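Common to both upcoming complexes is subunit A, partnered first by subunit B, then by subunit C.
So, the complex of A and B:
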């Protein structure tokens, strides 16, 4: 079991750094390029959502990304922040047709996350929110 | 991080996207498409050969124009997507709503066939 951690200020400019961190971490485990990039996408979406909606892009606030790799099991991502809590599981995503008709640009990030990950859990305590995302994947 | 430019060739405008289209940069793609449509382009190709990454913010920009393109009879096509970028379009089924060709020639002939 290997654990990796990365903490960044809540600025949209930092999304690229998060992607590079997740990508570098996962590419050590024998996953192919598309598998890695799909997981990177899911984490990018969750982080973008938190940075923009929970923290209003305030660089004085931080989010922390934790990657736990378990051989034979898969990968667990844990994203922790102290903003207003938001449970992805409560989000009623629109359909693609609705989005096209309304010409809306947002709203599909969390659809992607739900399609990509196998399990999403959300926990909130008095000050800390934790979003845990699990993917069963063959890491070697 | 992202570089977008439009190359006019005859009646086709090719928007070349280089780099990462994410929540911080998708606005640039949006502005470019808006600019090209304001110039009354009727055929738009998206050169994605050097598009390294796209997130939902970028997909959202494409989606928000699908209806506009249809209503205004604007023919479009994407080409040159890497496997990982194409995969993002496929996850949401957007590859069924937007034409994605392998090469520029393929995307061009698709546009011409539609006329």
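So, the complex of A and C:
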């Protein structure tokens, strides 16, 4: 079991650093390029959501990304922040039809996150929000 | 944003020369597509062969392009998608909505086919009016 950690201030330009961190971490485990980029995207979407919507890009606040790799099981991403919690599981994403016809803005990111990940858990305790996203994947 | 625009009589090829179509690029792609359409371009081929990484804002730009072009009966065709982009499109089930072809050559053929179909259709409608 290997654990990797990355903490950044809530600023949009840190999203690139998070992508690089997740990508570099996952690349060590024999995953193919598309598997890596899909997971990077999912984490990017969740972090962008937090940084932009929950924290209004306030660099005084931080989010922390934790990657736990378990051989034979898969990868668990844990994203923690403080502040107003947002539970992805409670979010009713738009349907494809709504996206196309009603011009509903946004929502594709979270559709992707939910479809890419196998399990998403969210909990808040003493103002700390933890979002855990699990992906069953063959890590070498 | 780096891109090139090749305007032909029947179609315009918009080629995005960026590796990423993410939130720093996608809004510009969106407005360029809207501008082309507003300038009277009916059929747009979006060549994404240089783009490796796309995110939700990129997909959103594709949907906008598809909508504005489609509303006027034009063809909006995507070509040269990376495996990553294709995977996201499939995951979000947008492959049922978007017109996707492997190469720009095939996209150009598709545009001509659509044009011919439209002409035949309007021709037939004209005939029936006469009967």
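Here is the rule we use: the second predicted complex is superposed on the first by the 138 of 140 C-alpha atoms of A that agree within 3 Å, B and C clash if a C-alpha of one lies under 4 Å from a C-alpha of the other, contacts with A are read in each partner's own complex, and residues count from 1 in each chain.
Please note the rule applied: a contact is a pair of C-beta atoms (placed from the backbone, for glycine too) under 8 Å apart; a residue touches a chain by one contact, two chains touch by 3 or more.
Note that the structure is predicted; figures quoted are calculated from it, not measured.
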- Task: Identify which of subunit B and subunit C touches the larger number of residues of subunit A.
- Result: B
- Query: Regarding the shared-chain residue A:137, is it in contact with subunit B (first), subunit C (second), both, or neither?
  - Reply: neither
- Query: For A:38, is the partner it touches subunit B (first), subunit C (second), both, or none of the two (neither)?
  - Reply: both
- Task: Pick one for A:109: touches subunit B only (first), subunit C only (second), both, or neither.
- Result: both
- Task: Please indicate which partner A:68 is in contact with in the superposed arrangement: first for subunit B, second for subunit C, both, or neither.
- Result: neither
- Please identify the positions on subunit A that touch both subunit B and subunit C, taking each partner from its own complex. 12, 33-34, 37-38, 41, 44-45, 48, 96, 99-100, 103, 105-106, 108-109, 111-112, 115-116
- Task: Write out the stretch or stretches of subunit B touching subunit A in their complex.
- Result: 1, 20, 22-24, 26, 30, 53, 55-57, 59-61, 63-68, 83-84, 87-88, 91-94, 97
- Where on subunit C does subunit A make contact in their complex? 23, 52-57, 59-60, 63, 66-67, 83-84, 87-88, 91-94, 96-97
- Message: Give the list of subunit A residues in touch with subunit C in this complex.
- Response: 12, 33-34, 37-38, 41, 44-45, 48, 96, 99-100, 103, 105-106, 108-109, 111-112, 115-116
- Per the touch rule, the subunit A residues reaching subunit B in their complex are 12-13, 15-16, 19, 33-34, 37-38, 41, 44-45, 48, 51-52, 96, 99-101, 103-109, 111-112, 115-116
